[in-house]
């Protein structure tokens, strides 16, 4: 018997709990030669802002030990071009489409959400209050429960689409921020976005990224992501989306057991475009081996002695 | 001409800017067969508490991608046994000895510092307000500027030894905590301690560490450590001690350029006991190649375009 | 011409000059469809260090042997590890990626300028151009035909880095060499050869260049002054290699463009050098 | 007998049973001074994944050939990578580490109980005991001498994992085998053989055991009931291997003790099994 991998999260029905993470899968079509998009649980777009943005100067990425830093800087086509040019292509795929939203002001978030609200084919919005690469790009919004709640509360008012709050790990108390966004009306909570990091070229005495600092992703951050998922999943009622260093079925299972209802794969796509396909297969196999009929049964079943 | 690697930090004169980090070099003697301790800039002991502590149950360590998690739990012999049994052996080495201090209450920190104050052979104290593995073990003290300042201020009153505040990276705003400890009388600031993390065995559905969560160290965290050193070095007047994922001379140089006056090596010692010797050699070589007479000249000389 | 992800078998991986390796991979689909200037994105090892793939130009293809060749220089951890991989092992490859050189519709004099390891994609290009000429695929008036020519200007640190000269000659290219130390050919930068060539240049002339950024900037300048069409092959740090991460951008007159899909070959006049 | 860090040359690294490898290393100082039960701590590769060293018991030494052997099972990433390292390459080794088996002052019947890959250190021990007996190094009264004996109880999943039996026999050990699937010897756990052996056991008898935790627990119980001295060789996840990190502790009657320096061999009665 084939296990049932489908899940419902924040009112969105997904074929399976594996989604492509924002910023790592473009606008969906870039990987179309290599990945059967229709087999994915869903995909999250690159962050969309009100106006088009050029992004940071290069170099924008650099490898670190078991990870990478990026400072893309919210480069995107802007919400109107997104709706006109990108959404029609995305809509053709038979998979959930979640649009990642960023802004420099609360008003900008609200306006982007308002424009996306009417757009056909969008299954949900992920509100990025966690981008570390733009000073006015969300990082500050996600560092404090009040502001985080404000962004979610205001965007909540202008859309009936499922809202997912995406949190930054660069905080003292992730739980208070998660709770604040839940109370403000988030239907789910995604974590983690990248950790702030930097690296230096000792020959030139300059930072390797033109932007000086960037966001750390990849296997290096998996332990940090897991502990945050564990804490937040134990503290909120809405579902949690686990993100950070997931490259294998085993990695995904760690997040599901720890309390994430679904997972997103970011850097893993760069390392191996087959990554998400292998993860879906790995989950299926695990369920089969353990006699699990439905993947959602294992969510949060981590056994912790007390 | 041989470059001058010596540095003065917080009133402590060091042969070179390379120290062994707390908890990774035992009480100094464990590596004596393998490392010429007298060639080190200095060494920091395992955290010392008032009473002896057994520490956490095993397993206490687990490898992660380019890093490791530890949950040792402040296992130590207690301050009195340390003074009686360990210090006499440490005192024999011709290197700076810094004692790492931890406690469950501010009163405990103060009492440990008071007892160490009289002890011969101690060059400085590192006040660990950042251990993630014991609920009452410092983590909370380091998460908030007021409490951090309180610990430093109170311990400052009972000793004339140089005091180094060791900070946790698991905070929203490291600069505010660094500044608070500086104002409270810290002579230097060490960062970073470990990032909080966890990892799961998906077969047993249990955390791999008995303590559930642990502290992440090693190359994986280097980018995070660097950005915190960069921020803090730019914001305080006291010297900064750079720690986190340093395994090579190049790694150490990244920290020095970014603003650390000296560095500590932790996990690197496990990977390669010759690590610190190689780093010292690497610094020497770099200075020679670049015609740098004194290593301290390069501290904070990172070129950042604005 | 779609991109594939395949396990390519290492047919050989040999040091052909100091720290320069020639890697032959069994990759039928890529060998079949690749165009000069395109690249492959290789996963060096299965573990998480090194984590990211590394991009390498396609140096040669032999579709009839299902073979793709890479010419690479050991410059860091990834290329070091790659140089230690053995025949018979497999490498995870993505390719062919990127937009290669645009082959002009009308023939003429093709000047290829290679600096150091930048020679890698230009051999594939030279071979393609020369084969096309041999086939008489270009329709040119008779009197112009004698002016059709591939001139290969090759710059390197010293003589031991000048690799496929005899092969190029045998295909019918004109080859000139410049070395930094003067151990072979002209002593000085390869752009000296280009400047000299400009004096002899004919009406319908095209420049194609690959090499270090400084060299490309100068080539672009020379071509600009002479108003000669020029295509340059760029490098940038890459994560995805397929246009999804927006990591590999270069500044152009039409804003930041992605080297991996909008390039790696760009019209020289488009690129804004810092 | 101090610990050294040396680049050991891989003399050979061969699969001797399914997923079990025998690694021979050129390590003169370690070969010279190692005692049975001690271990080496190996760095598997130069990159940061895998990061930490891996501990392996010393399986044999040949000081005259400067050789140290390791018998290891591929169970994860580190051991997989180790199995791919080739002859002629070097491995960074720390050793010899830990407190090995305490060889009793008075001879008698030595019962060695190995479960699975736990056989690795016991071969070194058997060889050492038998050599010492052969040398007549133990001063025993004549009538006791005939009772001196090494009994090697070997447990494994199935027959193909039973490796050095003939060699043990040739040295003069008594060997008994138990397999999980009954493909050789007794069908069942090796502890069955130990229980049986207890009925025939003689006055001055010692047990030495290495294997999975469940087996060691049972061996410790049997030894405790019979009041026979018993030493067991433990495993724990290790970081430093030299006593500095306090990571590798095991619960004992005198609190947590470090497996790497206080062990890996402990008196069975000391250890508190969960």
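A few remarks follow.
Order of writing sets the labels: A, B, C and D. Residues in every chain begin at 1.
Throughout what follows, a contact is a pair of C-beta atoms (placed from the backbone, for glycine too) under 8 Å apart; a residue touches a chain by one contact, two chains touch by 3 or more.
Computed from a predicted model, the values in this text were never measured in an experiment.
The chains that touch subunit A as well as subunit D are B, C.
Of all chains, the one whose mean C-alpha position sits at the greatest distance from that of subunit A is D.
The mean-CA centres of subunit A and subunit C are about 37 angstrom from one another, to the nearest whole unit. In whole angstrom, the spacing between the mean C-alpha positions of subunit C and subunit D is 56. As a whole-number value, the distance joining the C-alpha centres of subunit A and subunit B reads 34 Å. Counting partner chains per residue, subunit D has residues 48-50 touching two or more of them. Multi-chain contact residues of subunit B (touching two or more other chains) are listed as 65-67, 218-220.
Chain-to-chain contact here is organised exhaustively, every possible pair of chains being in touch. Taken together, the subunit C residues at the contact with subunit B in this complex read 48-49. The part of subunit B that touches subunit D in the complex is made up of residues 23-26, 30-31, 33-34, 46, 54-55, 57-63, 65-68, 70, 72, 75, 218-220, 247, 267, 269-274. Within the complex formed with subunit C, the subunit B residues making contact are 65-66, 219. Subunit D makes touch with subunit B in their complex at residues 2-5, 43, 48-53, 92, 94, 236-251, 255-256, 261.
Residues 64-67, 69, 143-144, 170-173, 195-200, 202, 204-207, 212-214, 216, 218-224, 226-227, 230, 245, 250, 253-254, 257-258, 286, 301-305 of subunit A are the ones that touch subunit B when the two sit in their complex.
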